[in-house]
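Lettered A, B, C and D in written order, each chain numbered from 1.
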Amino acid sequence: MKQFRILIDCTDKKGLVYKISKLFFELELNILSNHEFVDSENDKFFMRSVVEGNIEEDILRKKLENILDSNVNLNLVAPGKKNIVLMVTKESHCLGDILIAYEAGELEANIIAVVSNYDLLQPLVEKFNIPYFCVSHLDLDRDTHETKVLECLSQFKDIDYIVLAKYMRILTPNFVKAYATKIINIHHSFLPSFIGANPYKQAHERGVKIIGATAHFVTNDLDEGPIISQDVINVKHDHSWQDMRGAGRDVEKITLSRALKLVLEDRIFVHKNKTVIF
Amino acid sequence: MKQFRILIDCTDKKGLVYKISKLFFELELNILSNHEFVDSENDKFFMRSVVEGNIEEDILRKKLENILDSNVNLNLVAPGKKNIVLMVTKESHCLGDILIAYEAGELEANIIAVVSNYDLLQPLVEKFNIPYFCVSHLDLDRDTHETKVLECLSQFKDIDYIVLAKYMRILTPNFVKAYATKIINIHHSFLPSFIGANPYKQAHERGVKIIGATAHFVTNDLDEGPIISQDVINVKHDHSWQDMRGAGRDVEKITLSRALKLVLEDRIFVHKNKTVIF
Amino acid sequence: MKQFRILIDCTDKKGLVYKISKLFFELELNILSNHEFVDSENDKFFMRSVVEGNIEEDILRKKLENILDSNVNLNLVAPGKKNIVLMVTKESHCLGDILIAYEAGELEANIIAVVSNYDLLQPLVEKFNIPYFCVSHLDLDRDTHETKVLECLSQFKDIDYIVLAKYMRILTPNFVKAYATKIINIHHSFLPSFIGANPYKQAHERGVKIIGATAHFVTNDLDEGPIISQDVINVKHDHSWQDMRGAGRDVEKITLSRALKLVLEDRIFVHKNKTVIF
Amino acid sequence: MKQFRILIDCTDKKGLVYKISKLFFELELNILSNHEFVDSENDKFFMRSVVEGNIEEDILRKKLENILDSNVNLNLVAPGKKNIVLMVTKESHCLGDILIAYEAGELEANIIAVVSNYDLLQPLVEKFNIPYFCVSHLDLDRDTHETKVLECLSQFKDIDYIVLAKYMRILTPNFVKAYATKIINIHHSFLPSFIGANPYKQAHERGVKIIGATAHFVTNDLDEGPIISQDVINVKHDHSWQDMRGAGRDVEKITLSRALKLVLEDRIFVHKNKTVIF
């Protein structure tokens, strides 16, 4: 018995569920879970099914392609570990949260490398026998540095996702293009509040009573990509911005780890600048 | 064009979605939303579809019955206002929250009566031109009082739901049986914590840091029925139990109103002592 | 025995607590609660005490003034009902939440009037025997309309607070100045996200996973005043912006009512653009 | 300049704040923060001050003792790293969360050892150069095993706190007595719901819509000690109990780490079976 995750999205049309469920029935697949959503505003249909059966991936793909129109996006995935690269700067809380889950076998991923612009987190990462690459940005302009980072990444053939686990440098469109739809980031504010630098200082300055964090796909617009998950925490007048940053660490790591899990389980559709998550 | 809510639950079996979606396709129904869940532990299938089309309710029902096995539970509902009776004692926050939504036309219901064991809330209810029935329990034993309440309720033919909006008396199995699966209650604790009398005092005594409220269907076991919704709020050492009760009012009213909305929109399946909510 | 709330804020200085607690001791006052906060960044001291004793308000005030420097802000209040005016447009959920609490005697306030630019909510308000004033903005420019609103308000001598309970018009600096530090507003977003018109549409457009509401004092900058309270609720891809607005109603009313309670209990200091809340 | 945390609790009495603040003034101490609480139900006064000044700890202690009655509990602490021992069984999420914070220097503690009844987590702990002691319970009765654990712990002289970071064995009164008020535990439910074994299975069985975790001091009654912190997370009908356990991990680790921080910062008073936390 093999398991498959089938993600379909297309222009909405009568009979889609019928055609797909007919195929599942004929192929004698067990439907383990099934989610559908019609975005009526944009006339879009989204469906994610997890099925189980005695069939080869290639054959199932072909069968699905046969019944679906050519303009349908089909993503057929057999569950398994994806290859991810983590990028970090100096803070360890998001990185550490992922490493601990990884070590416990709770992550559906291989961490093939950690890349950083500092060597500060090298000792931590190497405890977990993961290669660490320090590509310092010192004395380099943004483009030169990024080119070096891209060179570093290029040695890894099959990167499924790059996880910016508090990587504190802005990526250029060039970088984003090279790994389009494959980069997720944790932003340390409740977006769209406090875009940009030092959101905790901004939040403190504004006197908000709740702070948050946002995990999102990275697009060319800084902190403007499709949001995957968000979470918040209450703060009070006696929180300095440093206290906010401290309290925010828990929210950041939980939010990023939750988003990473959704990504690794193929639960997310991206449409325009938004996500549909089953 | 008519709209229908179709709720189906039965033993899980291959081909159910196929058969149902085939029927929808043949009848040229638009599927506005579609949710499925397989409870693999209990081998149960749940499905809720909202469809739209040119078909009479009776015909659709017959068509559905034709394709479904006899052991399938089918609930076909045309959206519309349900008849509800509210029962209260002395507190107005849950009642008031429902009245304000009702007045604004936000409730998919007719409030046909409010029944209470006190006359305290009569002035409030009558502002909204809703009949108020005071059935005092003074000098009556439990059974005699309840019989009088049941008599009072018996004048209303088509009660869809009875909402215990802080009705502070325990119902006997006799009452529960008369309105089986039709009674929802708000309990002022985060069940199963603090079952029974004065949960805020119990919570204060225990020194909890979070209190909550639970909306549930009423069964014979006090505070043990299927849970519909729950919510919580943080408390601190400086909350007296009266402060907790005050803070809890918001949680209670929100939780009950949210549950009532789910009930009125036919979003809930009850299976054993649990709910499946789409 | 009389009760007083004493709010003191000034530049931080050694011995303040000593001097004040010495006075309380000499006057044989019971300290029911005592909160202090030093904003070390701005070198500011805040203190709120609730005390009880056999002393006249005037005498206590004089005694306090004698021991405090001239640059200290002293606010001495005897608990009691404050006079508030509610301003609304068409939506009833925030208004209704306040009315129900008011009717139950849970509000430390007299609602002396409700003012609106529509007559839609008149029937609801008059159920509660509260004067309703409709000052239509139709065919009037902003200044002319606001002048009429100010005239309407001018008939009430002792307005302690004006509560904008979903009043959907922007106030001019002229209005804000007339009731400086006395106006609180509910904004239907998690500020500073989605300032301005239709925040739910903005939130839906952005694809956020959490929406919120913010109660704040009104200053000249739209939605930029000192924040009193905020709360949030999770949303998903299947929430249309109308669903978000519906879900947001609960958050709005709870957040505004909570802020109103804090205001009426004299728990808030405003310093620069922020609040200190005990 | 030295910093001190001063915690005072006693029967409430007029003039306490006056006497203490007078001493602070005379000793020219800066008050960095000051919190008081009167539990009027139990007639108890609690105060925590953080002060800064040119004074020796012994002298300050003596001065405080001089002005306070003999029945006053005084706890004077100079900030610094406390010695903690972690106890674990097989799960790494709480342990890992503490280790990552420890490695980052965010923990006001020395982890002097990790003790477990399995060797499973030894590799993880030793990455961080912390001694790991496996005291297997296999083939031992409860008392014999616990005696061996106590022997193991006895080699460490100055244990300030023992943190049960998912130590899945029940401690006997003998153990609890040996480290009275020094043991904190994370229970994987929202106490007092689901006391005892496998709370996630119990929660799933009950069909709750929210699950939680509780950090508390350990007393002789299982899961009945004073609660330090609690947090919750929403669940749905499609969470199996294993899913609940997975989702609960985040709540458990955050709740325990938060409680540990409060403990290490000397922010907690325990009175009867409750905590007062500043």
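Methods note: a residue touches a chain if its C-beta (ideal position, glycine included) is under 8 Å from a C-beta of that chain, and two chains touch if they have at least 3 such contacts.
Since the model is a prediction, treat every value here as computed from it, not as a measurement.
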item	value
Number of steps on the shortest touching-chain route linking chain A and chain C	1
Winner on C-beta contact pairs when B-D is weighed against C-D	B-D
Centre-of-Cα separation between chain D and chain C, whole angstrom	38
Cα-centroid distance, chain B relative to chain D, in whole angstrom	41
Set of chain A residues in contact with two or more other chains	33, 37, 238
Chain contact graph, described as a line, ring, star, complete graph or other shape	complete
Sites on chain A touched by chain B in the complex	14-15, 17-18, 21-22, 24-25, 28, 30-38, 40, 234
Complex contacts: residues of chain B adjacent to chain C	33, 91-93, 96-97, 99-101, 103-104, 106, 124, 127-128, 238, 246, 250, 254, 257-258
Contacting residues of chain A [partner chain C, same complex]	37, 39, 41, 190-194, 206-210, 212, 226-232, 236-238, 240, 273-277
